[in-house]
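In this document, chain identifiers A, B, C, D and E correspond to the written order of the chains, with residue numbering beginning at 1 in each.
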Amino acid sequence: MLQYTLKKLLAGLPLILGVTFISFVLMVYFGPDKTYELAGKNPTEEQIAQIRADLGYDQPFFKRYTNYVIELATLNFGHSDSTGERVTRLLGRTIPISLALTLPGFVLGNVIGILLALLAAYYRSTWIDKSIMTFAVVGMSVSFLIIIIGFQVMFSSAYGLNMFPVRGWSMDTLGEYLYYVTVPTLAIVFVSLGYNTRFYRAVIVEELGKDHIRTARAYGASARSILLKRVLKNSMIPIITRIMFSIPLVVISGSLLIESYFGIPGVGKVTYDAITTGDQPVLKAVVGATAVLFVVVLIVTDVLYRLFDPRVELK
Amino acid sequence: MSAGESFWSKAWRKFLGDRFGLASAGIVLGYFVIALGVWLDLWGQQWSTLTSGSNLPMSSAHWFGTNLSGQDIFDRAIYSTKTAFEIGLSVAVLSTILGAILGAISGFFAGRWSDEVILWLMGTLDSIPFYLFVAAVAFALQGHPLAMHAAMIATFWTTTARVVRGEVMKLKELEFIEAARAIGVPQHLIIFRHILPNTSHLLLVQATIVFVSAIKSEVILSFLGLGVQDGVSWGLMIAESTQEVIVGQFKNFFAASGMLFVLVMAFNLFSDALQDALDPKKVH
Amino acid sequence: MLKVTRLSKHFHIGGNLLGRGKSTLRAVHDVSFEVAAGQTLGLVGESGCGKSTLGRAVLRLHEPTSGTVELDGRPVTGIDAKALHARRREMQIIFQDPYASLNPRRTILDTLMEPLDLHNISAPSERRARVEKLIEIVGLRKQALSRYPHEFSGGQRQRIGIARALTLQPKFIVADEAVSALDVSVQAQVLNLIRELQDEFGIAFLFISHDLAVVQHISHQVGVMYLGQMVELAEAETLFAQPRHPYTRALMSAVPVPDPHTESQRIVLSGDVPSPLSPPSGCPFHTRCPDAMPRCKEQEPDNHNCGTPEQAHWVRCHLYAPEQVGLQSSQDAHA
Amino acid sequence: MRNHAVTYLATLLVALGLVACGKGTDQPATGSDGSALKVYRHSMDGAPTNLDPVHSATIYANFLVLNTYDTLYSYKYLTRPYALKPNLAAAMPEVSQDGLTYTIRIKPGVRFVDDSAFANGQGRELVASDVAYSLKRHFDPSNRSQGSWLWAGRIKGLDAWGENGADYSQDVEGLEVIDKHTLAIHLTKPYPQLTYTLAVGFSAVVPHEAVTKYGRELSIRPVGSGPFRMAKFDTAKAVLEANPHFRQEPIDLAAEGFDPAVHGGLGLEAIEGRSPPFIDRLEIDFILETAARWNSFTKGNEIQFTSVPVEQTDTVLDSRDPIELKPDWTERYHSTTGVEAGFVFTSLNMDKPYLGHNDDPQQDARNRELRCAMRDAMDWTARNNRFYSGIGVVFPGIVPPAASDLHSKLSQDSVSRNLERARARLKKAGWTQDNLPTLEYGFQNSVTSRQLFEQFRGFMADIGYPSSKIKPVSFATFGDYNKAIKTSQLDVIPMGWGLDYPDSENTLQLFYGPNHTPGSNNSNYSNPAFDALFEKTAVMQPGPEREELYLDMSQMVVDDCVTISGLSRNRIYLWHKDVIGLPDREILGGFWLRYVDIKSADDQTTPAS
Amino acid sequence: MSEPLLKVRDLQVEFHTDKGVARALDGISFDVMPGETLGIVGESGCGKSVTSLAILGLIPSPPGRIVGGQILFQGQDLLSLSEREMRKVRGRDIAMIFQEPMTALDPVFTIATQMGEVLRRHQGLTRKQARQSAIDWLARVGIPSPERRIDDYPHQLSGGMRQRVMIAMALSCEPKLIIADEPTTALDVTIQAQVLEQIVKLSQDLGTAMMLITHDLGVVAQTCHRACVMYCGKLIEQSATGPLFAAPAHPYTAGLLASVPRIRTQRLDSLPTIAGTVPDLLHLPRGCRFVERCGQAIDLCHSAHPPLQVDEHSGHELACYNPVQGEAR
């Protein structure tokens, strides 16, 4: 197992290098120039040169990329150019927030999606199926942005139910956490449910058509055991794939909009700020972390495949 | 058995039998005509003009009223249709072409170095969170009007390529490909004449999906300030309206989100109908 | 006309970038045979025995690992891509799956014209006439040309597949399970068609099938394959009358006969075909062979001719090794 | 199957419902002694990034820096126009006759907050050398100070100290520590604005122990001697707690400028004679979206302060001139308005030969006509109504009202729309739709700046400037926008300027030739006459004589149509009735927060839950 | 003679397709006697598999639907049972063996799980008992070292082994009827021989009746007591195997039998064939469905489909107006 993991990690190196390289070229090398933001109101040429040197802008491309790889290998990204906070501390502070923010919606969105998909697939072509799928298409057609704005007005403003906070974040107590996480969670669930339901329905319908399902029915298995035991376990590969590969994106991309709109200090917001202010140390760390996370996801996914499908071998 | 009924005519016949599909195609077409009109300078040209009154109610002169700056909301919404189609079409077409070609090459040479390189590229692009990537491209191209398009093409092609790759790997094992090799058809012709046309139904469906993703992403990117550079779009209108809805001014919000929703919904239904009509399992 | 000498095709499975951890699959191993013009060599064997790979290796659709193929006295192996392209005219293939062997997005005309266009055969204006004639030869009407494959039944598609193989007027055709997917009534039609065409055009056929009866019906010579090796090769009549290899005998006895009164002496083989990835040592058949001897486990048998020098009957079995022949004949007496 | 799925779904919905009911934040926080903590929840429309005084360039940063650190001088709470008062300093500085030496005495016994940076975890006394140290930090190149320009070339030996390796053990001639509580600043030339600079966040006093301990992370953990200490800080929120050791300085309301006619009814009398800080905790939410800020404020149980969004002006106001709130709003909330100490203006880049200075006198004249025509096309009224609630103060020239009333002596002509004159100017100078130059209008991407652009382009369209010839160039970051400005790439440059101190010099320097880009003279205006006057006034003490010269300089900029100026934004602030204070973010930002109090729990109505 | 175990009467099944309604089964009637092996032969699309699925109520719906007829199993009409009651019949009373051993077993569960589930459900065994029983059955179908193999997943077994597992599973609840749908078609000929032998032997040992559905006349000839021949959703000839193969009365049966290539001592110049192709179920000819391909059709054949009745000459149940006379071959 250890050997396998090491092998996989090694195999993940090209991916990490690819992600970091492309990101480096785009975000760092061609990315925003922070010099003039740091320069103050009335800078001199010398000061500007000094800042550029401090930020490392004056070094040649290859040197900068090499430095990046070294930073990645040593997990030492230095300090944020904007806030001066140590980057590792920054990530350590913000990633848990993003996880706590997106996880409930992510889990619920998938679980409810699977349940609805099971219902729809089992009652294929009936009104149950049709209403679920209509709901799914509507869900898919509403922009995330509209949902967020709408939910905020509905749940959090004096014009609506006014039950939840407009914005903000706290995880000090469970009550506070639930208070702050509910509206974002509802938005995440709503926006992902349509896509999830459709995807899972397609998977399950396909699975229901398999020969071995017919065999199971021919030997008297009940609909429940077929759906919840056989179909579900057999559908695990696409389900795992979908879930696992969306994790890195959910943590960073998915929470970006929610975090900026609800004023939640998570990693998505930090990253977005880093992009829009050219905070390269943070960017480099986030991109590196994402790439590593992807490789980890690849490995975990493999292991999960093995867990659910005996035909898969870990090589 | 009607003589000479091709895959496409058969799909067309099936599509004509799909009421939802037809209705949605009609709506999409309607939008397209609106967009075309903007292109041809027939309407929607006053989107930026400052009229006399700000925040006017709906009237015959301003069908959706005016916004705070005194611009005609209807004209802005109409003009945004063009913006949406420009983005949707260019991203859908180019990312599909790119995805088809690279996916086909990758699938055809599965396991060889060219496949490895393309897979690596796909994996890499997929591993960079979408909004970060778009933001990064937008910055790298420094405010270039097509930065967003380029970024979306660069990210959306991978899905198409994966679909095509899978299909090509299946197709290339089929005997008609071997037959083509047996009669001496050169490799590039096998890929582009024999294999790719057989993925065209997938490409078409994929293109519609990308179209929808593109216009939906535009909204969010414009909201984040990474989207449309000059001109107006539903995303920009919604971004503007976030500050207006709190005072109960919903004209801008409803005009933009309503038009966006109807188009996306119609396109989704259209895409579904297309998928059904083109499903080879049902056509064969 | 076709001469195949010591042909092998090995696949390399798995392994990492550095080539470590690879395993070799010997799909075809050391196979030699000849087919004369207008003659058919039938190739039988169970799935995975390498018969299809052999057919494709002969056509160089799979690049052979070693060995040579000569057609009409000129080599097919060891020539460059350009030369091979030219020689493709002379050798063609008919496939098993009538649903997969025609490009669903192209009309029959497109499919049949393509080889002519590609090899620039006859004036473009005459090509259509040529294709029309061809489609009639295989028993379809020329209206069929404007249609798409999905509008035809399996048997009709197989006829189209045959027409495609014939467009280039090849000297040699590999028919890979050409009738296996067809219903019995249609199968007979197609088999008859192939025989007619062979008589008319003098084409050499390599006819691959798992069905002994079909092979017997169409072949002049028959080869039996097991785990990538040709275990027996003889004139069809000889082989069916006097099967020598224990595997051939078992195979023949296993075929169900549509006659309830035939009480055949079944030789039911035990066990499964071993994986070609890890074939048994010695004779690959020894694990299932009713006549296995101790040496079969250790020593790979050679080809032995049990027929006459003119009418060879090759058997790859220790039973027919010169030192065993005495024993062998006594066994025959018992049978 | 069906039943089960329904059960599962029902369970999930119930779970969601529980989540919905599970909020538990309504109980007021309590202190260790069980009494209710006094918490004030402030809001801001932007977030500070860096709290190290050498980087405290933004108003947002100053909100936190001025409340966690101390400066030598500060502004009086209620006196307007702004007037300085001693803060850390025991008195106003003693200035030598030649204006070159400032002697400053520091209050004894002032302590830094307790922090593990100090030897025994207890804050030590703040002394004169700390002030010198803090100013030196600006000239240490490794700190990349954003405020050093305030003192660059002004204090003897300080620039050289930085250039020679910034060795903190070396003394600087200009920063003479006379004794523990006395500092003398020796200038190279008179600098009448020096005292002002000792009130800005840049001059906040930092203990070297904290710098040693936290290094660059000083930016997120301020260690100062201010009324509050930092408890929590991220991109969304800062939480400050009262500094228990803050020096006792009872409030003398009269000295702070209390005027019952103006400030009555706000409850400020309650703080008379007490020593700040009065609240236990200060929470500041950084809410960039006006909609969210407004929702949060009107909910009642979240933030207690907001500025009124432009979109809400009509909801809140009964009349714009004078500014009067609707009765139901005055009933619910306290309010005030504040004219910013700064202004917005749109500069034209004089570096561009097709728009600005040109060696060919004829072209130079044509360009001037073009610029003046553009200025004439600007509809300040429409702009004010659309973006500034119609309550912004439009003024001619480049000196905002907060700095001086100079503008009242200038003609309103330059801020009055005159389309006919504009068209005539273009015609006279031979500008046609075809030969008008294509101008790049830059802005940092945001909804508002885009709308500003569209309006600007609309104004220009009214004088026949083709819309296709005014191109938006948006920048996603302030840094990139600034870079484009500082490298002179743009033609039309919309800008805002916040005064560092209420002195006209602070905006006049924006047009001083030697300050051309990358300096602060973004329009790259170069006029020898202006420059000569600027150099002359720079060393003059305030007075009518200097004011006269300032007027001449302003007139020059107006006459040359260098910039389309100007408007000082006027914001309406609302705050909950239980908050005692008078908000002011216009200068420096946040200096008033130490005076905020909350009515004690007994006289408070329970907030709606 | 005892009562038939299974009586199928006038069974009709329709499939709804894009192009119209296809009548996959059009009034099929036949009996299966206890302990008997009945063969059902026909070419692809003739409806033989639909018949087997209809008996167990497994027709995929939509698009398929049983529109008429009765399926009497031990006197009870299976079509009238509820889904819950039908589940008890499946596997316990009637078990099925499918064609594709590669896909008919669930790839993600072990043999033990899959067999155990059936045994526990129908036999009420405990987990442990079920496992032991499964091992016993695996041994009986000739799987070497069953106590090891039982924990294998299907993909770890060869095709032949998987089909044996399928057989073991079918037999394990000792059903009264086994429906084997092309059980050996996907197997190699040497394996086919093994498996076929096993099925026949075990079903005889247990006295289980069997419906063997196949397109392979050879298989029928060697294993079945009686055989039904189907063509385009109709049953056209039925008889004991011996007479049927010796003297097929329906021209289709005769043609089919003749066109099967068989190992002969002398190679024929050409095989006898049946002209034309099987008609599309959506475009069936009026009258007898075989009429367009039949060499000896008379006028009557074009107007009505002949009823299935006992033919005087051959003694077969036959649906033909102009049967083949005399001895075939």
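Just so we're on the same page, a contact is a pair of C-beta atoms (placed from the backbone, for glycine too) under 8 Å apart; a residue touches a chain by one contact, two chains touch by 3 or more.
Chain identities (UniProt): B = ABC transmembrane type-1 domain-containing protein.
This one's a predicted model, so the numbers in the text were calculated from it and none came from an experiment.
Chemist: Smallest number of touch links from subunit A to reach subunit B?
Modeler: 1
Chemist: Looking at the contacts, which chains touch subunit B and subunit E alike?
Modeler: Shared contacts of subunit B and subunit E: A, C.
Chemist: Could you name the chain whose Cα mean is nearest to the mean of all protein Cα atoms here?
Modeler: A
Chemist: Of all chain pairs, which one counts the most C-beta contacts?
Modeler: A-D
Chemist: Using mean CA coordinates as chain centres, what's the gap between subunit B and subunit D in Å?
Modeler: Averaging C-alpha atoms per chain gives centres 44 Å apart.
Chemist: I'd like to verify one number: the distance from the centre of subunit A to the centre of subunit C, where each centre is the average of its C-alpha atoms, in whole angstrom.
Modeler: That gives a centre separation of 54 Å.
Chemist: Where the centres are mean C-alpha positions, what is the separation of subunit A from subunit D, in Å?
Modeler: 37
Chemist: State, to the nearest whole Å, the distance from the C-alpha centre of subunit C to the C-alpha centre of subunit E.
Modeler: A distance of 32 Å separates the two centres.
Chemist: Counting only residues that touch at least 2 other chains, which ones in subunit A make the list?
Modeler: Each of 32, 153, 157, 223, 275-276, 278 in subunit A touches at least two other chains.
Chemist: Pull out every residue in subunit C that's touching 2 or more other chains.
Modeler: none
Chemist: Under the stated contact criterion, what part of subunit A meets subunit D in this complex?
Modeler: Against subunit D, subunit A makes touches at 32-45, 47-48, 50-51, 54, 79, 82-86, 89, 93-94, 108, 111-112, 115, 118-119, 122-123, 152-153, 156-158, 162-170, 173-176, 178-179, 181-182, 185-186, 223-224, 227-228, 261-265, 269-270, 273, 275-278.
Chemist: Touching residues of subunit B toward subunit D in the complex: what are they?
Modeler: Answer in residue numbers: 48-50, 54, 68-71, 135, 138-139, 142-143, 225-226, 229-230, 236, 239-240, 242-247, 249.
Chemist: Help me check something: in the complex, which residues belonging to subunit C touch subunit E?
Modeler: Within the complex, subunit C touches subunit E at residues 46-47, 153, 155-156, 183-189, 191-192, 195-196, 210-214, 216-217, 236-237, 240-241, 250-262, 266, 268-270, 272-273.
Chemist: Given the complex with subunit B, which residues does subunit D contribute to the contact?
Modeler: 289-291, 294-295, 309-312, 314-315, 382, 385-386, 445-447, 450-451, 454-455, 457-459, 461, 467, 471-477, 480
Chemist: Inside the complex, what are the residues of subunit E that reach subunit A?
Modeler: Listed in rising order, the residues of subunit E that touch subunit A are 56, 58, 60, 62, 83, 87-92, 95-96, 98, 100, 103-110, 117-118, 121-122, 153, 155-156, 166, 169.
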